[in-house]
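In what comes next, chain A is part of two complexes: it sits with chain B in the first one and with chain C in the second one.
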Partner chain A sequence: MIPLVRRLAGAQRGAAFAGIVVLAILISPVAADGSRVFLQMGNLTDILRQVSLIGIIALAMTYVILTAGIDLSVGSILALATALVAMALTRAWQSASYGWHILLAIAVAVAASALVGTLNGLVIATTRIQPFIVTLAAMIGVRGLAKWLTDNQNIDIGFGRDVAAEFAAVFREKAIVIGAYAAGAVLFWLMLARTVFGRHVRAIGDNERAAEYAGLPIRRTKIWVYTLSGLLSGLAGVLYAAENHQGNPNAGVAYELDAIAAVVIGGTRLSGGQGGISGTIVGTLFMGVLTNMLRLNNVDSNVEMMIKAVIIVLAVAVQKVG
Partner chain B sequence: MLSVLQAVKVAKHYGGVCALKNAHFELRAGEVHALIGENGAGKSTLARILAGSTIADAANIVIDGRTVTVQSPLDAQRLGIGMIYQELDLFPSLTVGENLVIGNLHFRERTLVSPRHIETFCRPFLERVGLACGVRAKVGALPIGQQQLVAIARALSMDARILLMDEPTSSLFDDAVERMFGLIGQLKSAGVAIVYVSHKMDEIFRICDRATVLRDGETIGTVEIATARVDELIRMMVGRDLKIAARPRRAGLGELVLRVDGLTTAKLRGISFALRRGEVLGVAGLVGAGRSELGAALFGMDRIQGGAIHVSGSIGLLPEDRRLQGLMMRMSVLENSTMAVLPRMQRLGFLRPAEERRALQPLALRLALHCDSAAQTVMELSGGNQQKVLLARWLLRDPDVLFLDDPTRGIDVAAKQDVYRIVDELAAAGKGVILVSSELPELLRCCDRIMVLSGGRLTAIYDARVATQEKIMAAATTPEFAEARP
Partner chain C sequence: MRTLNIVVALLFASCSSSHKPQLVVAFSQANNAEPYRASQNAFMAKLFARYPDVKLVIADAQQDNSKQVAQVETFIRQKPALLIVAPNERAALTAVMAQAVQAGIPVICLERDILQPNYTSYVHSDNLAIGRLAGQFIVDQLTRKYGKPKGKVVAMRGLLGVEGEINRDRGAREVLDKYPEIRIVADPVADWIQAKAKDRMTEVLRTQSQVDVVYGHNDPMAIGAYLAAKELGREKEMIFVGVDGLGGPAGGIKKVMDGILAATFVYPLCVDRSVEIADRILHQPGFKPDKEYVLESVMVTPDNAAQMYEKFTVP
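Entry: the complex of A and B
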C-alpha cells in the first residue's frame, strides 16, 4: 500500500511538472519565425543553467532534510566561496601556471565551504542543538566572515586575459554549469539509492532512536551530510563567481529558501525519512520552468513572487492527496 | 442477557490488504468479552472501528437497539465507548489532569481553566483506578503501568459504558496485572461492558465471560469461557492444532561469553552476573526495575558510572519498543533486516540488493516471516511479523550475546512459538542469550537461569528448574524495591 502511495505521489509530482510545462508552452510568446520562445533550445538550456546553482545546493539539502535536519547556512557559504575563489585568483599565487592557479583557487573555496559544513555537523551531532538553530547561527556568522574577509567590497574578476578572466570564461560556460549539476545529480542519486551511507541517511531520518539501537554511525553520518551541504554550496559559489565575474560577499541571500522549496516541492518531507533526489530534481526544474514562464510573459517580478508562493503550496498539496 | 452493542458485516481494507471482511461481534451488558485471534486477524482493527479511530468500509453497528454511525472518537465518546490503546494515546508532556480533561465532553470548560478545577474533576476517577500519583504529574514521567491507569481513568471520566482494552497487560508485570484484573472486576460490577483484546489464554480464562475468535478478518465463532478449553480456542485461532513445545534439553554450557561486575548506571546498582555460551539467562522484574536499562548499559547506550562489562565478542540488543526503538517504519522489510550488516552487502562501495535478498531469504523461512514482498514497508506488517523483521536484523548481525527485551510483547501465540524456537536455536548455536519478559511462564519455559531485578538491584538468580512464579515474585518485590521508589 505504501509503495503504491509513493508511486502515486511520484506520478502526481510528474503530472504537476508536465502541467506547468504544457502551460508554459501554451502561453509562450511566439518568435518571428513562428516557433514558441519557450521551446527554443537556447531558452531551455537557459532554464537549466539558471536552476543549476540552486539545483546543486538542493541535492545536498535533500540529504540534510532526509535526516530531519535543515541547513540555513548554504547561501552564506556560497558567498564565502565566491569571495575566497575571487581572492585566490586575484591576490595569491600569481606566479603559478593558469591551470594550477585555477585549480588551487577552487580547491581553497570548496574546502573552506566543506569545513564550515563539517563544523555545522559537528555541533549538531555532538550537542544535539537543533539544526535550525546551529545553521541559523552559521548563516549569520559565515556571512560576517565573508564580508570581513572582503572588507565589504566586491572582488572583481576582470574580462582581460589574466588568470581570473580565464577562470570566469571557462566556468560560466553553459555546458560546464549544466554539466556540473547533472554530474552532481547522478552522483547524489547513486549515493542515496545504492550506498551504505545513503541507506544510513534515510534510516536516521526515519527513526533516529532505532538507528541508535541498530548501532548505526549517527554522528558520522550527520557530520558527512552537513559537510556535503557545505561542499556543494561552495561549488555553487565557485560557479556563481564565474558567472557574475566577481566575488560577492552579499551573494546568495535567501538561496537556502529556494533550495528548501525545491526539495519540498520534490516531495521530501521536512520531518525526515521520506523523499529523494529524483523528486528534488523535478522540484528544481519545476521552479525553473515557472520562473522562466513568468519572465517570458513579462510578469512583474513582484507579482512573480506572489504567484510562486501560491504554486509552491499547491504543488505540495497535490502530492498530499494520495 | 441484554445486548449493548452489536456489530455485523464489518469490512475494512488498507490499500490491497484486507483487514476485515465479514466480522461480527456482540457485547452483552456487564460482561468481559475477549476478542482473540492471531496477529493480523483483525481484532485491533475491529476494536478501533468501534472506538471511531478507524473508519470501516462497511459496518452495521447497533447500540442499545439503535443503529449508529461511529466516524470519530468524539462520536464514540458520545455513545459511551472508550478505548485503551496498546500504544497509549496520551500526551506525554501534559499533566495527568490535563490528559483527562482534554477533549472530554463531560468536563465543563471555562474560558480560563484553573488547576483546581481540573483537580476536582479528576480526583474521583483517579481514585477509582487506584492511581496514587498527583493530578499535576507529567504523564511522560510516569512508568508505563501508571500511564495505562491514566488512560483508563480518562475513559471513565468520559463516562464510558463500553470499554475496549487492546492488550492492556502486555507491558505490565504480574502485580500490576493483578491490580488491573481487580479494576476490571470492579468496572464489570459497576455495569461497564468490557471488550478485552488479548493473546494471553490464562488471562482470558480468568477474567472473561465469553470470547469471540477472529481469523483472517472473519469471525470464527463466540464461545462461553466457562465451558471452553484452551486447545479449542487455539485451534479456532490458528485453524490447526498447535503444540506448545516443552523446554528443550540443552547440551552442556560453553565457555564464559559475558561477565558483568558491579555494573552501576543512573538506573542500576552494582549488578553482577555471568553468562556462558549456549545459555539463556532470563531477566524478571517489575516495570521500572531496570530490565531495559540493563540492556541499554550492556549495549553502551547509557553512561556507566561504575563496574565493568567483559564480553568476548559482540552484543546485540533487540529493544523493548519495536515501533519507537526498533524499526524504520517507512523503510522496507529488506532494508530493515539488513540495517545492521550493510557494510557486508556492498561491492566496490555500492550496495547490492540481490545480495541483501539472498541474505534475508533463508532467515525469512526460519522465522516464518510472512510478507507480500521484501519491498513492503514494515508499517504494513502485523506486530508479530514486525518483531520477526527485527529478529532477522540481529540474526544477520550474528552477535555473540543477544539481549532480547520482551520480544513477545503484544504478538500472537504462533509468533511467540516462533520466537521461543529461535531462542532455543540461538542457544544451541552457542550464543549467550539474555531474555527479558513480563510473563513468568515464558521465562520458565525458555531460560536456564532467571535473574530478578528490583529497584535497579539484582535480588536473586534462580536455576529455572527450581524457580517458581512465587519465588520470582518474592524477589521482585523485595524491600529494596520499596525503598528505591520515590
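Entry: the complex of A and C
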C-alpha cells in the first residue's frame, strides 16, 4: 500500500515538473536562429550549474529532514568554507606545489565545515535540544566566525596566474560543478536506498521511540547526518569561492531556506520519515527552471517573487491532491 | 565576536574614563556586511587611532532599522563626546537622531540622508552626479567604438528603492537617453551582490547576441557580469563599468588595474572628511562645522588606477 502511495506522489511530482518545463518552453524567447533560448544546451546547463550549490546542500538536508531534524546553519557554513579555502589559497603554504596546495585548501575548508556539522550533531544527539535551536545558534555563531576570520572583508582570489586563480579556473568549470552535484546525488540516493545507514535515517524520523526500542544507533546516525550536512555545505562553499573568485563571509545568506524549499517541494515531509533524494532533485530542478523561465522573459523582479510564491504552493498542492 | 569586542570595548571605555578623561566617539554603522561599509570602519579606526585621547566604538546594525535605532538609543545613554551615524534607512533613523541632538551630543550623519536635518553635519557624496559621470563615460566609449554614439547597454541594478540605486540609475539614464541609438537592452536586478549578478548576466547573454557595455551600479555586480561573459567567452565583446572604487586587493580599483573593469567611479567613503570634522568638534571649542559637506567622485581608469590604488587602500 505505502509503495503505491509513494509511487503516486512521485508521478504527481513528475507531472508538476513536466508542467513547468512545458510552460518554460512555450513562453521562451526565440533566438536569432529561430531556436528557443530555453532549450539551448548552454541555457539548460546554466540552470544545472545555477542550482548545483543549493542542490548539493539539499541532498544532506534531505537526510536531516528525514530524521525529523532541520539544519539552519548551512548558509553560514558555506560562507566559512569560502573564506577558509580563499585564505588557505592566498595566504598559506605558498611554497607548496599547485596540486597539493589546492588539495590542502579544499581539505581544510571541507574538514572545518564537517566539524561544525559534527558539533551540531553531537549537541543535538546528546542534549536533545531541538535541532532548530542548535542549528540556529550555529547559523549565528559560524557567520560570526567567518566574519571574524576575514575581518568582514572579501578574500579576493583574483585573475592572476597564481595558485588561487588556477583553483578558480578549474572549479568553476560547468562540468566540474554539475559533475559534483550529479556525483553527490547518485551517492546520496544509493546511501539512502541501499544501505543500513539509510534505513536508520528513515526509521528515526518515522518513529524515534520505536527506533530506540529496536536498538538502532540513534545518536551515531544523527551525528553522521549533521556531519554530512556540514561537509556538503563546505563543498558547496568551495565551489562558490571558485565561481565568484572570492571568499565571502557574507555568502549564502538564506541558502538554508532555498535548500529546505527544494526538499519540501520534492515531497519530503518536515515531520520526517517520508520522502527521498529523487524528490529533492526534482524540487531543486523545479526551482531552477522556474527562476530561469521568469528571468529569460524579463519578468519584473517584484512580480517574479509573487509568481514564484503561487507556483510553489501549486506544485506542493498537486502532490497532496488525490 | 564583533559584538563581544564592542561590549569589551565599552566596558573598557567606561572603566578607564574614571582615571583620565577619554573622548568616546560612538559610530553606528548600518551594515558591516557591505565591503564599502567595512572599508569605512577600517579607515575610521585607522584615522581615529592618531588621537590618543579618542576611543572609537563601532556598532553594526546588520541592515536592520530597529537594531540601529536601539543601538543609537544605547549610545545616547552613554553620552559619547561625538556620535556618528551611517543610517540604514532615512525614515527609521530620523527621530532617534533628533533625540541625540536634543541630548546635546554632536552628531555627524555619514553618507546617507535622513528626513529632517537632525545632525550637526551631514557628510556625503552625490550618486546622481556619479550616475551622470558614468553615463558620459559610456557615451564616450561607444562613440570611440562606432564613430558615433550608438550601442547596447546592460544596466545591472542594485537593491531597488535604495537611494544609491535610484540615482546611479537615473543619472546614467539622463545622459544615455539623449542618444536614441544607445539602447539599454536589459536591466536585471542583482541586489548589489556579485553572485546574483553573474546569474542574471548569464541569462542576459543568452538572449542578447550583442552587448557593448555593462554598467554595474556597484563594482561587485560589474565583476559578476564579467565572470558570466568570460564563461561564455564573450568578455572581449563588451566593457564593464562599475561604481564604488574601493581600494585594497578585493576592491574595484584593483579590477581596473587588472583590466577587468574599463572604469570605476569612486563613491567617497566620506570618512576622512568626517574624522577631520570630528577632530575639530572634539578639540577646538567654539568650532562651528558646516551643515553639509559634499564630496566629489573620482573616475578611475587604467591611466590613474595605480595612483588611486595607493590613495584609497587602507593598510
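The working rule: the second predicted complex is superposed on the first by the 321 of 322 C-alpha atoms of A that agree within 3 Å, B and C clash if a C-alpha of one lies under 4 Å from a C-alpha of the other, contacts with A are read in each partner's own complex, and residues count from 1 in each chain.
Assume a contact is a pair of C-beta atoms (placed from the backbone, for glycine too) under 8 Å apart; a residue touches a chain by one contact, two chains touch by 3 or more.
Since we're looking at a predicted model, the values are computed, not measured.
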*First (chain B), second (chain C), both or neither touched by A:Gln274*: first
*Between chain B (first) and chain C (second), which, if any, makes contact with A:Leu216: first, second, both or neither?*
first
*Which superposed partner A:Gln12 touches (first chain B, second chain C, both, neither)*: neither
*Regarding the shared-chain residue A:Thr118, is it in contact with chain B (first), chain C (second), both, or neither?*
neither
*Using the touch definition from the top, say if A:Arg194 reaches chain B (first), chain C (second), both or neither.*
first
*Could you tell me if A:Gln50 is touching chain B, chain C, both of them or neither one (first, second, both, neither)?*
second
*Would you sort A:Asn207 into first (chain B), second (chain C), both or neither based on which partner it touches?*
first
*In the superposed arrangement, does chain B or chain C reach more residues of chain A?*
C
*Name the residues of chain A shared by its contacts with chain B and its contacts with chain C.*
none
*Complex interface listing, chain B residues touching chain A*: 14-17, 299, 301, 317, 319, 324-331, 335, 339-340, 342-343, 345-346, 349-351, 375-377, 379-380, 393
*Complex contact set, residues of chain C against chain A*: 1-3, 32-33, 35, 38, 41-42, 160, 186, 188-189, 194-195, 198-200, 202-203, 206-207, 209, 223-224, 227, 231-232, 248-250, 254, 258, 260
*chain A residues touching chain B - in the complex, by the definition given at the top*: 1-5, 190, 194-196, 199-200, 202-203, 206-207, 209-216, 273-274
_chain C-touching residues of chain A, taken from the complex the two chains share_ = 29, 31-32, 37, 40, 42-43, 46, 50, 144-145, 147-148, 151-156, 158-160, 172, 174, 240, 243-246, 248-251, 292, 295-296, 298, 301-302
